[in-house]
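Data first, discussion second: the structure below is written as structure tokens.
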Amino acid sequence: MSQPIRVVVWGENFHENHDEPVREIYPDGMHTAIAEGIRTHLGEGAEVETRVLQDDSQGITDELLASADVLLWWGHARHDEVSDETATRVQRAVQSGLGLIVLHSGHHSKPFIQLMGTSCNLDWRGSDDRELVWTVDPSHPIAQGVPHPIVIDSEEMYGEPFDIPAPDQLIFVSSFSGGEVIRSGATWTRGRGRVFYFRPGDQEYPTYFHPDVRRVIANAVQWVAPANGRQAPVVNRRPAGWFETGERLEAADPRLQV
Amino acid sequence: MSQPIRVVVWGENFHENHDEPVREIYPDGMHTAIAEGIRTHLGEGAEVETRVLQDDSQGITDELLASADVLLWWGHARHDEVSDETATRVQRAVQSGLGLIVLHSGHHSKPFIQLMGTSCNLDWRGSDDRELVWTVDPSHPIAQGVPHPIVIDSEEMYGEPFDIPAPDQLIFVSSFSGGEVIRSGATWTRGRGRVFYFRPGDQEYPTYFHPDVRRVIANAVQWVAPANGRQAPVVNRRPAGWFETGERLEAADPRLQV
Amino acid sequence: MSQPIRVVVWGENFHENHDEPVREIYPDGMHTAIAEGIRTHLGEGAEVETRVLQDDSQGITDELLASADVLLWWGHARHDEVSDETATRVQRAVQSGLGLIVLHSGHHSKPFIQLMGTSCNLDWRGSDDRELVWTVDPSHPIAQGVPHPIVIDSEEMYGEPFDIPAPDQLIFVSSFSGGEVIRSGATWTRGRGRVFYFRPGDQEYPTYFHPDVRRVIANAVQWVAPANGRQAPVVNRRPAGWFETGERLEAADPRLQV
Amino acid sequence: MSQPIRVVVWGENFHENHDEPVREIYPDGMHTAIAEGIRTHLGEGAEVETRVLQDDSQGITDELLASADVLLWWGHARHDEVSDETATRVQRAVQSGLGLIVLHSGHHSKPFIQLMGTSCNLDWRGSDDRELVWTVDPSHPIAQGVPHPIVIDSEEMYGEPFDIPAPDQLIFVSSFSGGEVIRSGATWTRGRGRVFYFRPGDQEYPTYFHPDVRRVIANAVQWVAPANGRQAPVVNRRPAGWFETGERLEAADPRLQV
């Protein structure tokens, strides 16, 4: 039997401690609700831990990144408190194969912006829109068992233009009561790592208890988990015929390609 | 008649001043040879300037980035001397619509790495390989008038894996005498800006005098030039029905999306 | 000065002659309104002709396909009357570089289905929905000068899943009053030919008089026009070193690749 | 435990019976060698059958297509003997979720051409080139455990331009002794079905006994197997609010979208 997927849910854990309405919805934190949903769906197929911004090393150590298969990221009001070093450590882990799922307002998190290379800006409105999440790629494993559409009664609106690179795969598009639309479920690969962005999940609504949202996230955990193992991208200086002889040249500074 | 494209060729300008063999090939600098090729092909259709790392502000000012349509970037031995601030300024200009052409060893330049989100690593060998540049998308404007293949008698080898995001459009694939291949001409869009990477052009060979290489670069200048003008990506807070009323809400901090 | 783009607007021309409400909106036919919009925007930059299903050879001759740069296709109730031979002739012309713009219910036309390889099915409702056409790729030339969103007061609804291959470029996504969404402006390349599908334009509404819809169509005419000339895809039997010697081997039957 | 993948290897089975050198390499037929490779790698994870052109119904019945998960296709000299009806039956099965792996000269088979919408032409030479198969997407499950490069000592050359739609995912690029290159491993989705094209496998060489080629094919069988079950694409006429009420309108002719 295959090994369980090692999953880390990272939460900013700010609103839950400062905004009473959020605390009422998520008394144990949003990260806990997200983790529960994954455990419910994947059972013994996943080992799920949580980390928060307030932990040592902002919850992100090299050991954790090396041993994890999948990292989920929820942040919003404290993106700037995540250090550049933490963000770059996450970015490098993704490049080596760590799967990353960025949720909702995480579109403006440092790791996501660094991996995308764009501003990741979008339009928004906080006023109880109904969100409909439509599947545009019914062949994709992340859409498995997901109703068409997912109906979320109340959510924040995010609208296009969403300043992201053209996705490798566009899976979901959402519409809102106000008529706006956004590419709400999309994938990219960076190095060996798969990245999935999923829009729903404002802190003011109980979205992470929604069974279809949980299903998408559980599917995504399985899909972003590294298929071919972890390996950091390298630079090799190669002699002619190396692939027949196995030879490899030394390069004092691999980035200096004379 | 349409306005000429405003082009800036940026050169690191190091090897030309420190390595005698390079100086002999490019006595006026590599940037000058690149600029000449563009002028030859586009004539009055382009206004071409050059900048080098040794210029004030590393050759990259806000005024220059605001007025330019297209920036070409050649760097190799001094990537680290380009400040993070300069690189980020270039990145933001691209996001607002500046066209960017990254040449050869510029794959490891800061602006390119920041725009791609990957390591941009690859394999390499410096030993006079013949490079054949094959067109895999003959419909693309950048391939217009380009022979199949382009034959470059002597070049440095760059080989896969080339750690880049999956290109929006793959136009050229090169093979080398040693049998290696690389995706050698590819495009991405970041915000409103188009990016083209073109592999040939090691400093030890007279590649930027090669008529077909010049043709590709001139085609690319026309293709990456902004089609829809320049505009930085923004965040808008939107009331319901804004697109019918023209209304726009204020947001104290546009990045704080409550 | 560059040559004008030679444009042919092909119309099924059935509803206009059989349904009184359609005749009132388009007394000269839908194809005529589409052609007028292109002429208005492109002026001397385009030579626009119209053809209809009732013409000799169903309006599609080899001469026409050879001399045209761009073909627009509107059909709905009589897709099956278009012969397989006509559809295949259009398909081959696209493969050789003819630009093709498929409008609204043309999603089920034979040429489009043959070029896509999918069923091109979708969901629909005819009940006066408001359509909002959102730009998701503001860098694309087809989006130039197009408001965000385009507001069309009354239209038929088309909804996902739209069974098309993943577009090379997704430019527009529409939402409807009922909450449905569809990828409403998308491009593909087939051989040397560019294909653009644009959703608005049900016969029961005056959509082809809408200034923004006309703008998109005019932009698309310019974008799908062949950049690199026309050339049918071929099979070449190649001796070793052919690209240096110019040699070409004979192959009795080019499809029999022994 | 999950069900075994039901795999059908379809062989044209012509050269093996008419060309003595081919018979010597593949005394039991090429399809048998391909099937053996899959069985070796996947064991109880796959149930593998073979069918040939000479079977009843050309080896392709509706029952077979309905019960299979994955179909592999090798054809070359008798593409035209495959009936249009057989090809269309395969195409529709793919659209409903059947995984399809097209091998080598199958690039000119009717099912592949119909699914791609292009000519699928390419250049070729039969003269014992060494083929190197380079991985350009090391994150892809089809590349799992595959050496970089795969070295195939003798093969037919296939070269660009390969007239295919831009792949959804480009996994392998091959080079040949003569210097030519081709996109040699690529994927597309059509409806719910995944398609993988893999270039190696000319009948004159023992390529389907090559362990790395077998590994790629076995990986591909797992990857193209339908993730979300089989379902033919449909057209639904939808009333407003259908997704809340569960209502569905009748449409006399689903293709007539008034």
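Letters are used for the chains, namely A, B, C and D, taken in the order the chains are written, and counting of residues starts over at 1 for each.
One rule holds for everything that comes next: a residue touches a chain if its C-beta (ideal position, glycine included) is under 8 Å from a C-beta of that chain, and two chains touch if they have at least 3 such contacts.
Small disclaimer: the values here were computed from a predicted structure and weren't measured.
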Have a look at A-B versus B-D and report the one with more C-beta pairs in contact. A-B
Given over half shared residue numbers means same and under half means different, the chain C/chain D interface is same
If you average the CA atoms of chain B and of chain D, how far apart do the two points sit, in angstrom? 37
So how far apart, in whole Å, are chain A and chain B when each is placed at the average of its C-alpha atoms? 29
List, in ascending order, every residue of chain C touching at least 2 other chains. 132, 137-138, 148-149, 159, 161, 166, 168-169, 177, 179-180, 189, 191, 243
By the document's touch definition, which label belongs to this structure's chain graph: line, ring, star, complete, or other? complete
Can you list the chain B residues touching chain D in their complex? 130, 132, 134-138, 148-149, 159-162, 166, 169-170, 173-175, 177, 179-181, 183
Could you list, by residue number, the parts of chain C that touch chain D in their complex? 76-77, 79, 91, 95, 105, 108, 114-119, 121-127, 129, 156-157, 159, 161, 163, 165-166, 168, 177-180, 188-191, 232-241, 243, 249, 255-258
What part of chain B is in contact with chain C in the complex they form? 97, 132, 137-141, 143-145, 148-149, 151, 168-169, 189, 191-194, 226-228, 231, 243-244
